[in-house]
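Each of the next two complexes has subunit A plus one other chain: subunit B in the first, subunit C in the second.
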Partner chain A sequence: MTTLTSLARIEAADQGRAQLIRAVRHVHVSDRPLVVIPLQLAGEPCAPLAAMIGDDRSAPRLLVVANPLNREDRFRFAAELAGVVLGYIGRHAAGPEPAEKEAYPDAPQLVLPNAGGVTFTRLLGRSTRFRPTAGPGAVPAAVPALGCWLTYFAERAQHPASSLLLTATGALSAHWATGQSAAEDQNLAALLGWISPPPGLTSRQAALLAEDPARCPPAGPATDPAFDRDVLVELYKAIKESRAAGAGEAAVEGAATERRVLVLLERELRLVLEPTWRLVWQSVDLLRALPAGGHVAQRWTSDRKSFTGYARYLRDGGFPQAKRDAAVDAARRLARLEGEQEQLDAQMAFDDPLVMAEHLMTGRAFEGVVVQAEPHRLDQSGKRAKLRPWITLETADEVTAEPGAELRSPARPGQKAAVIETATLNGRTRVTLELQSGMGRGLAPAPGSVPEREDVLCYTTLTLEFQPPPGFPAREDTPWTHGGPPPEYVPADQAVAEPWDGSAWEDGAWEDTAWEEAVQGGEPS
Partner chain B sequence: MTAGSGTGGGAGQGGTAATERRLAMLRGGQLPQAHNARTIAALASNPGCARRAVLDAAATRKHELAAHAGFPSPFGESPFTRNRDVAFERSLKDEPDKELLTLLRETLDLDIAEAGYTDLNAPGWNAAGASRDLAARHVHTRQQLTAPARQRGTMFDHPLLTFRVGGRHAYLEPDLIAFRHDGTFHVVEIKSFAVVDGQADGAKVGAAAIQSAVYVLALRDLVGDQATVAHETVLIAPRDFSFTPAAATIDVRKQIGALQRQLSRMDSIDRLLAQVPEGISFSLDRDERGVSRRHPDDLLRDLRLVEANYAPECLATCEMCYLCRDEASGTTGALGRSVREEAGGIESVARVLRVAYEKDPLPVPDDIAEAAAILRRAAALRRAALGGLG
Partner chain C sequence: MTMEEAARQARLATEDILAVMRSASRGVVVDSPPGAGKSTLVVRAAAELAGQGHRVMVIAQTNEQVDDLTAAVAVALQPGNSEQGVRVGRLAKSDYRPPERVERLPSVTSAGDLSELAECQVILSTAHKWATVKAVGQWPWAIVDEAYQMRSDLLLRVAGLFERALFVGDPGQLDPFSVVEVDRWLGLSWDPTLSAVEVLLRHNEDVPVKQLPVSWRLPASAAPVVSAAFYPFSPFTSATSAHDRRLGFVTSPFGRSSLDRVLETAAETGWGLYELPGGHKPRTDREAVSACAALGARLLERGALATSERSAEPAPVTPGRIAIGTAHRDQAAAIRSELVRLGADGVTVDTANRLQGREFDVTIVLHPLSGRRDATAFHLEAGRLCVLASRHRHACIMVARAGIQELLDAHPSAEPVHLNVAVKFPDGWEAQQALLAHLEQHRVVAT
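Up next, the complex of A and B:
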């Protein structure tokens, strides 16, 4: 957190209303995002129990798992989810195949309520992408395909500059500071309470209300423990019993009971999911209402290219992602993420005065007035004279740039300026800059291309240019310090001897004990 | 995760009679609440909080107090989570000489020949820890664990340790203790959160590590110089999406160090009690049907007489968090430790803004001069940037 965002939090607490910490929007918001709200069984690494999903806010689709501990039920859920997600993705990859370096005109965008949803997405992807589609335990082909795509989106969510997967809490808290702590901002309803409280409530009241799971169901993926205890346990038990009804007439009756209970289960889960559904779409609206920053479209183009590339890879029979990156791949990926972060920081600063203000606080940028300008200065040292105007700015800001440093101004991002010298006197610093580009071709500067006296300008050491990651050894040259060359990646091996759910599930042993105790168990300690 | 962990009373051998009387009065007839590794870990996470220290020392039931005072605590455990915990632990312990032993043998290089499983819950005491005589159980644990090495087993289930915290003793029940025949004990923690592709939720592993550290300290206290307790503890958790157990060793030296530092910093309970006004009580004054006769405001008033040290981190660990947060409203600390630091340590939200926007009629005192300059600069930049938007 920076001093400026801390100050904004303090102002928000004082005024009882969230404060903007960004002047423009720095994420892309699709015209038709796919909102996904997953719910999972508490305690399990990845046992989905329901999801509300759709790209039309007036028509959410509710998927429900009859018994989250049952293998067939879980794969049925995965297949239904695949139907919706792959259908949505497919609509963005339906047109004519773009040329090598081109991209589809638009890319899919997933919007989840919170970071927990991303973890769930990653784990669901992990648990489905290696599933065999033939032989014992076969699943529909859509299931591993879903697994690959969910893994792809969860991985893209790690990229600071990517908008392919957004979380409502993440995107909102990147643009607004609330009068509560960052930990409390993880609650979507509370966060929105500060940004846009429901009519008749103050922000504080709305945030408090959001913490009462009885009146405001959690946005998942975990459900409210009291809801588990009071509602889910009984319904799952009823479904399990109806399935164990026996053969013949009893089985028919059992199936009828199961359908009845499923209707009840759906009703309960709809009640739990609908408030969050509305909140996520409200978040989308709030973000969309902010003007987009100058570089948002450029970053979305990178996202479209990435999406196009992955769609092509899968279509050409690409493997599911490995469980863990090999050493060289991991190092390359980290370097790439760091480079992207630096570029994003610079882009946001150039697009947004509130972000640049943070750099002005830390000395990575300064703002000053031009006190001297030599627009026609020529550098005669080489074979041919070059136009190299000098300007001198005076500023009260701290200047950390050393002579020789290359600076840019957000007002003239295409113009390189090198620091010639700095001199500080009585708390004011004079910085002399040599302009090196962006003045036209001749030996006289194009009109308006050189700042004039009295102009107020901001300069920064932030650079918009992407710093390519350093070279890494090829896979086969992985040094011994990093385990040596990794074995050839064979995705088929990864699925072997890995039951989606272990033996404890298969024989149902603990399923029995589980439900019994869940019913008997009172208030947990 | 042991179902029976946290059994027993907080009252122990420690403390003077006068202290005991004072604490019993504060508790006021409630059943004493026991410490467990989790509460000790939580206590150590905020050693500067007198309210928590006193409420814990008096072994009050904080969740009941918070609820009665109008600020029910946000913690609940899903029956699904608990069932998974119980089922996973049972799947290991029902046949301890199978998977559990194999795992520990591989992880700790245990001696095969002398492998043995000892249930420290003496005969006649059932597995749920039904014995009310905790002192007797603890003595039994001590006898078994300090017996000559030849007579010792390899795995000890249901051990009962004691731990001195805030000048008093608490009983602790680790999941399992393993003994290696090179003379070292290892604390074993069984957790039901999944380890997928060798990675688990960092927060959960961190919590397990600090709990293990508490057990290591307690076990060292028990065995004294008769044996070594390793700082390498064993975490057993289900692998990937299955129920197959996987074991990993965790070096808890860092956690032990932090714990010892924080516990030693904690004021002794006598010193804390000296600051608590005479005559206050946290009694709920229940009638025979268990209904409290105490007016919530009255309880609230007494609770507020013991100073709290609220930080948003409390929301994850302390039952009193909503009450303390309510009190801390209007302070920078309630917005996060980092916010308070960025505000130069100034407590009051209103004062920060008066300083930042230069509305304070009084001159800025020297001790916050530097912070004030930074705040004014931030305020000016913020105003300029936002002004440029209009």
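Up next, the complex of A and C:
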């Protein structure tokens, strides 16, 4: 946690109200996101219990599993879920096929209440994407397709710059600081209590009430144990008994009982899910009300490209994602994630003065007033003279950049400035910079391209410049230090095995390069 | 142990390593405690391999490390020092200018492209630069320095270049890290965020692991403490004995301030704990920062003299021989500006990450847990404390607020344990306790 965030938390606690710690919104919020609230059975990491889902806040769909421990019921649920999710995704991939490097005009966006929901999404994707669609234990074709997409969204959630999958708690706490601990912020109702308490309540009262599961049912995927004990156990017992009723007359009666109990189950689960449904949409509204940061559109473009690429890959018969990354895939993915993180940090700082303020405090940036400018200075050392204006700024901030370092200013992101020298006297530092670009072509600077005396400017070592990802060996060239090339997988038994174990990412398999493409393609920034 | 005996042990260990290398099918890993002559080994191995007629690639992690090794290898392989002179190549970015100590050596060629180094038999560069080299056949041997600080994804990029390799490094120092937190590779033997050595050994269990037995840097007062706290399973000793290293002052103190008392404790015993009153403070704790700077300035004022095996006469401890180490960059910056105010500039002030691999006569350390409310994994990390407590040839003074013991007791290690992930031992908590228990005996309360 940065010093400024700590301060904001103290202020929030002091004033009894959450504090905005970002001047702009750094995530994209879709016009029509798909809100998904999954619930799981206690003690079973991936036994779905129910889900409330939809892109229309007035018409949530409730999907319920009659018996979460029954595989058929589980996959029936998965098929129903696939109907909603794939339908929503399909609407975004419906138009004419975009050209090679282009993207669909919009991409789907999933909004979940919290990080637990993402884990559940990943696990549900893992349990469905390898299901066979023929032979024993076959499932509808939509189930493995759902698995691929859920896995895709859960993986995109690991990309620092992606907004394809948002969690309400994650997105809200990235923009607001509350007076409670980070662990308490994981409770969506408590977090929203701090940000926008219901009328008549203070933030503290609202956050305190949020701790009562009877008033504010947990936002999932785990349910309240008291609810499990008092409600679920009885209902599931009734369903189980009705199914074991026997043959003939009894079976008909059993089916009728099951239908009746299912209605009760649905009613109970709706009561549990509806408060969270409202809270997630409230979060979407709160986020949407913030003005978007300058680079949000560029990042969403990279999301759209990624989505388009994956939709195309699946349509062309691509394999489901491998269970594990092979050595080369893992290294490549890490390099991509790190590159994205670095770019995101810079973009957020350039878009948002409150983020830049954090860098001002750590010495990664400084703000000063121009005390001297030589706009017409020429560098005569080479064959041809080059325009290299010098400016000197005076600042009270700490300056950690050393001579030779390349700096940028959010006010003039296209202009390189190299540190010539720094000198500190009485707590004030004078920094002399050489401007190296962004002044037009000739030997005289274009008007306004060189800062003038008295201008106040911020300079930082953060750079928006894109570093291309490093090269890695091909999969089949994995060196001996990393176990050599991964073996070709031979399925032991076609009927039960998950056939693409470990080698789904063949050469030419789909790779998420959207970020590089978006950044290099000169998208609007 | 006499120094002759230490030298004999070190020589035997080196001979053993070189012998194992001759018969190695894939490579050798050498664990080296702080200051155990890692660079000497790299130079010896490079000379040995070059002597056998092999072309050798040397991989280090930073340009500074490469420059140091280049100079050392070139001198060892000069005509006169070796049978026939061997040309040494320094591969670097085309705009990189090697420092004077490398440039003035006639047998070194610097170039930005491998093709310009065709006549060089030993070529040195950073791992990042090697990773951009297009492989034209494999090199028979590579020497990887600071291999525990190299991330395995970087090794993945360069490992295709060589058939066999000697990996040298200090397992007790800081682990490599990543700016993103992803748990998807936890438990995988090729987790890209692990160190190069860890991944290498998990895939090649037959690669022998050797150890260098004596530390030339750490004095007799420090080696047992550092060895017990950070290297419990691969103990090492100091090459020097207590009377080989002495620290004294040309002046006597006027009065008896706590600063002088802790300096004297450190001079006598090799350790000092300068304890400030307890309290929870921000990271750049003003009092602690001033205390670190004041100790550095006072050490210079008093005119410290270091007697060691390096020279017959006591040598003055100049600012360049003193370092102040911190956990965070902002702490280092605050101490630096305080030193300037006291007129004691020239003293090295840096974070543990940047002090790795460096050596000083006296170090002053702002304890990573000083003034903290919580003990996070970052502040507990054994590698961080190990780096800070093992940079000195004579004495180490820790500056800390009282209450670290209570802080540690309130924060037992609670890191999750994952399947297939090697458990770090000793963990940071244990190492902190061990060092603190020793420092307690050298405590001076600030007044």
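The working rule: the second predicted complex is superposed on the first by the 487 of 525 C-alpha atoms of A that agree within 3 Å, B and C clash if a C-alpha of one lies under 4 Å from a C-alpha of the other, contacts with A are read in each partner's own complex, and residues count from 1 in each chain.
To be clear about the criterion, contacts are C-beta pairs under 8 Å (C-beta built on N, C-alpha and C of every residue); 3 or more make two chains touch, one makes a residue touch a chain.
Everything quoted here is computed from the prediction, not taken from an experiment.
Contact with neither subunit B nor subunit C is seen for A:Gln380 once the two complexes are overlaid on the shared chain.
By the document's definition of touching, of the two partners only subunit B reaches A:Gly179; subunit C does not.
In the superposed pair of complexes, A:Arg229 makes contact with subunit B only, with no contact to subunit C. Looking at the superposed arrangement, the partner reaching more residues of subunit A, out of subunit B and subunit C, is B.
Touch criterion not met for A:Thr301: it reaches neither subunit B nor subunit C. In the superposition on chain A, contact is made by A:Glu44 with subunit B only, not with subunit C. Of the two partner chains placed by superposition, subunit B and subunit C are both touched by A:Arg324. After overlaying the two complexes on the shared chain, residue contacts for A:Ser437 are found with neither subunit B nor subunit C.
Contacts of A:Leu360 after superposition on the shared chain: subunit B is touched, whereas subunit C is not.
Counting contacts by the rule stated earlier, residues 3, 324 of subunit A appear in both its interface with subunit B and its interface with subunit C. The part of subunit C that touches subunit A in the complex is made up of residues 26, 131-132, 152-153, 155-157, 159-160, 178-180, 182, 184-185, 188-193, 196, 199-200, 203-204, 282, 329-330, 333, 337, 340. Contacts from subunit B toward subunit A in the complex involve residues 6, 74, 76-87, 90-91, 192-194, 196-198, 238, 240-244, 312-313, 315-316, 322, 330, 332, 334-336, 338-339, 342-343, 349-350, 352-353, 356, 374-375, 377-379, 381-382, 384-386, 388-389. Across the complex, subunit B is touched by residues 1-4, 6-11, 13-14, 20, 23, 41-46, 123, 126-127, 179-184, 211, 222-226, 228-229, 232-233, 323-324, 353-354, 356-357, 360-361, 498-505, 510, 513-515, 517-518, 521, 524-525 of subunit A. Considering their complex, residues 3, 158, 160, 324-328, 330-331, 334-335, 337-338, 341-342, 362-363, 398, 400, 424, 470-473, 477-484 of subunit A touch subunit C.
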